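Here come two complexes built around chain A, the first alongside chain B, the second alongside chain C.
Moving on to the complex of A and B:
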């Protein structure tokens, strides 16, 4: 295993212990440091915590939160909840996808962007809405303003 | 006993133990509750919801399999609401299940189908017409040869996952994804063969639908067209009970582990589950063969039998009875083997009778016989669960005794027992070890003495046990006096600290068991190794109790039995010495013939004896010395010099090829009779198919030859032979066929009321004359050949999971042969780099006896400086390389260590 990834796992295992109940916390923390959970990291966790790899794989694939592959540098989430949908959320999604030349959930070839959809982010008053990297919320969008925002990250 | 609770079920009052589930309680009173996902001890997660019942006071229906009974509980198991709920749940499971029972191989062998029938569901009301159920197109199971998985038929009951986790203890599969996408999968959807799956097929046996099935069974017919027979596996010494199924053409097509029966309790390994196919082979011998001018011709039974009897008589007359050697077989029944040793002794008149136990556990028979007075495993397999520490030395248990390895892993996983593994190779079982000691081949005595030195120095011995139940402790102390731990560390190549840790863990545990196999026995110091193991158990008192003992794991289905019925040159049945005048007299009276007084020669000496002109003829029943003897070129050369060689076998083996006459015999799965497994358990065999009418039972062939040689041997059946064995063998006296029909029995079993003996030497009562065990002082002697400039590597040989011995069976099992079609040599990555070797390169391995060319497999299993070759392949026979250096007492060759050179080919 690439040695630079070990300290991140060891830190979590030190923090949470090797009891089976701690598995999700360890996975959570490891993903926070590494951005995703590569195969060799899971194999290492399996050995350290004495849990079978098949069980860990089951947990990791059960929760949407866990990622087995490296995510894009910037994750753009467009809302397709009722309010956003009515206000043209789909057009925003299409505009972003066209601009990046990807389908929803795909990652651009350079690994920098991906576009996902979500069923409501809880600020329907600003519909249609998109969220960049899980923190920057942009509302009352048009396809054009959405592209402008996107291009700021490019 | 746990507390009793008063519970009402369907209006009637009962008492159940606290902790019982409602399902168990209902079973106890004979109530049938439908289940799909429940397999006791294997899968108890409660996912199918078919077992729902009503409990008074609880609004919703509860699952019987995961709800425990409680005081005063009132349960209803059958009401309209329950029926509706069960039916609805079943229909939900059937929403995506293809209704293709007509073409499904599991038709009538399917719990889901049975329940659909029971509930009268023709078509699920939730039937997914649009097929929105997402089913992976490519699964991890597609590429392997053994198991087919159809995710469309999977109802996600998790029985397979439970079987892999709790029976096989491999955990190669789990449930991945969520909701509609849930699927049984390997991690990362890796191909099954890239995981640590051992292909034992426990998952297939657990599957209640057609989702999982043995690939070779596909298209062979439906289960109601098959005939099922319960018998004993013909491979290793675990002696698993298996049910074999034959089709209408008398071909074996399927095998299942028999549940709820010792020793395997439903488990099997890949050879048990798939390895029956050789029996069907078109290569089976069907006619006797006589060699004329170097070519075989078919002969009638009469002619071949007459010819053999006459030739043996001539040779006996000309050179004397001791010019003839007789070989029995650990793969034949007790009855076959009793007859062949009687033939050697009473008809030929020689004690030159032996079999392949010489090559595996003769050191055990001699060593444990010396130390304890009985050379057999002390504790049953079921006793593994009582051990707190399991000490494995020189045993690649996962590959050689897979089902025992499963129980060992289970004891570690479920009960937290500690596992110590000592092996020159980092085997699969070593990966599960808490302490793994990788010592050099042939340094076992140094390692064990070092452990005992630590135990003595730290006063961890069981002084009371030593004083009351042993003698000779002072000899051990003397041998350890000048023994130095630093030297031991240097000799074994193991850190002192690790040896110390192992010694302390083994000695201190309340219950410790030892398991060993060929890594201990196959050395020129095999007996010394075994004595050292006995010493270790004796000085710590870890013997003669539940969870305490020594289990030498026997390698073949009936190697214990063949020894028990006297196919050894020094003993009659039940280890009665041929040199003991009283015993000899007894057998002379019983067989009504004079018997030879001298101990006979061992099979490992046959080669030299032939070259010296002392041995002129050999009669072989089911053995293949042309592949299995050490320094096999020498054997080939010598057997070629015999005046007469007769072979009974099921195939034209390498030995049969050079014979003068060959008799076609029945295979184990076609025989009646008994096998005795590694834990002294005598079990009944039942014929699972009818062989070609022109093949005979091994014992019958021998009887016919004997009768023609002037000693009448006639038996009605196997039972008649067994009764003769019982009559003359006190330890087997109480074991009758009638009792065996009910249940297997472990010897000693002196009378018909005796329940059999689970644990030998119970409470320290040993079978030696004074009732005390013998502790010996054992000095370390290195292997005969140690690496030098010319031959710088240590070669060690052994078995692999997917093949068996001289491969006469497993090469005729398609899935096994295709999975591992050729031999290989394991080379440590560091050595590979030094030698500039890549995976799959061809290399030449040379020893002082010969050379073979074989493919490289770079592996971390062997230590640097050690290489490993399996001995299954006659084409690249490891035994061309091995050294026939014999243990002076046991006459076992040193298969496990010799010096070799390796170079790119």
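Moving on to the complex of A and C:
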């Protein structure tokens, strides 16, 4: 495995220990530093924590949060929780996808953008909501303002 | 201790920050410096106060003047007019129905609420344990472990009639008593902070605004049942809540309020965080236990119940965030105090996230049994832009709709099920005539189809079939037999699914069929969507 990935995993294993119940926390920490969970990393975790690779794969694929492939540079998450849905979240999603010419979950050809959906980020008072790169939350959107925000990153 | 002439409470909850609250705070800090007021005015960054739609907001004490929708440009005027000359900046006050409200408690939004769980949210700095202690935080824990036996604690909670706020409404005192009776060297307390209902954020606001109330509740639960270890299982989608909890746990340990030998007694209790990873079913208690053990979050068969065999096979009490946040108040003020609010069978208050088509969306807390009408029209200020109320949805993907003719229904654990709705965890979504009820049912069912863990057949396959039928109906291809089939299938899924997810998944469909059958029939017979939402492919 590429040597630069090992320290990130080791750090998490040191923090959480090798007990099986720590698996999800180790995966979280690793994904946070690497951006995704490449196969070689999972193999390494399997060896270090003495869990079978198939079990790890089972856990990784069960949870929406974990990603096996590298993500786009900018991830735009539109909320389709109930509050956002009744306030037009779908129109926001469609506007963003149209602008980027992709379907939800696809990555643009240049690898720069992807549009995903999420069920509620807990900002329902600001519906409809989108989150850029997991941290910048924008609310009370219209399709137009959503595109304006997107274009700032383009 | 230093004293300040003015305390400015600026919201640092996720929503106000998202609305640009940080920019305002920075501008305010700068203006205070420029005017030499840094020694006179203290800025306190608080959690969410609830009026999220009017954020970013600030409350200025001693008077309690509430400013709304602040932008960085407003800072200068507030400093020069209010802080220096004592003249409120009227253009930034709360306005509703052509009236202006000077202080927060005068607004109809707050005046009709009773805040027990949210008592500190928006009034203290959640990142500073001393502010929480100054409000009486951890006094109840101290009293429990120094003056009361575990049985005394359980008795007060039982007498209070507190019921679980995570959805099912199971009596908390009884749950603790069952766990207390188990004989085991190790027991666990788990706080369920998974908050899976999409469209609800009550728990998030409590964790962000008053994390110590939850830690204290967990420690008291630990003392009552004989557990020394607690876990908080929290959604990964809540980074700010996670950060505030980490700070709170660290500060509580440093103050000797968590850890070994709390307050010099021989009671030890510590709390760790466990992050979820985006799976709705993990809010279900047995799936949550599997996930906390690092496994796939699939539910387990019950019995055995978690109080008998839960985390790592040990007796485990699982309580919701809001349930736990009630505990210290009950210990402090007594069961009778708690019973003053709410109804006989549903005592106390309930937090709701009031969202959707209402004028003032936000986080509210009212006595159980408060009529829906009061919530939507008095607190929420009614429906915006001249639209009319059509229905309110409670209980998320497990719940149902309440139509306009039942607006006077008391919101509690007894009355809601009679309409085919449930209390749920507190998501309350208001819809006007522009929402199509068949589409809403389809929305929820899509959610459960996605989130079904696949372990049992009725839930995995049955919900899929129901969704297919709904898709037929919303594209104008449905038949009247489909409506009966939906009902039949729904009831089978309810009776045969393994866990609560499947057992409640048909509810949104069954409840809309019950209250809005006309609308289904319009899709089927007339091939029209009365709300103009569904793209009906087949025209009559």
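Please note the rule applied: the second predicted complex is superposed on the first by the 154 of 154 C-alpha atoms of A that agree within 3 Å, B and C clash if a C-alpha of one lies under 4 Å from a C-alpha of the other, contacts with A are read in each partner's own complex, and residues count from 1 in each chain.
Note that in this section a contact is a pair of C-beta atoms (placed from the backbone, for glycine too) under 8 Å apart; a residue touches a chain by one contact, two chains touch by 3 or more.
It should be emphasised that the depicted structure is a prediction, and the values quoted were computed from it without experimental measurement.
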Larger contact residue set on chain A - chain B or chain C = C
Key: First, second, both or neither for A:38, with chain B first and chain C second   = neither
Ask   = Just chain B (first), just chain C (second), both, or neither: which does A:89 touch?
value = neither
Ask   = Between chain B (first) and chain C (second), which, if any, makes contact with A:52: first, second, both or neither?
value = first
Inquiry  = In the overlaid three-chain picture, which partner chain does A:128 touch, first (chain B) or second (chain C), both, or neither?
reply    = neither
Inquiry  = On the A-aligned overlay, A:23 touches which partner chain: chain B = first, chain C = second, or both, or neither?
reply    = second
Ask   = Of the two partner chains, chain B (first) and chain C (second), which one does A:62 touch, if any: first, second, both, or neither?
value = both
Query = Shared contact residues on chain A for chain B and chain C?
reply = 58, 62-63
Inquiry  = Please output the residues of chain B touching chain A within their complex, sorted ascending.
reply    = 161, 165, 171-178, 185-188, 195
Residues of chain C touching chain A in the complex = 14-15, 17-19, 52-53, 55, 195-201, 204-205, 236-239, 274-280, 291-298, 312, 353, 355-357, 361-363, 393, 396, 427, 429, 431, 435, 440, 443-444, 447, 453
Ask   = Considering the complex alone, what residue numbers of chain A touch chain C?
value = 19-25, 27-28, 58-59, 62-66, 80-87, 118-127, 129, 134-135, 137-139
Key: Residues of chain A defined as touching chain B within the complex   = 39, 42, 52-58, 61-63, 68
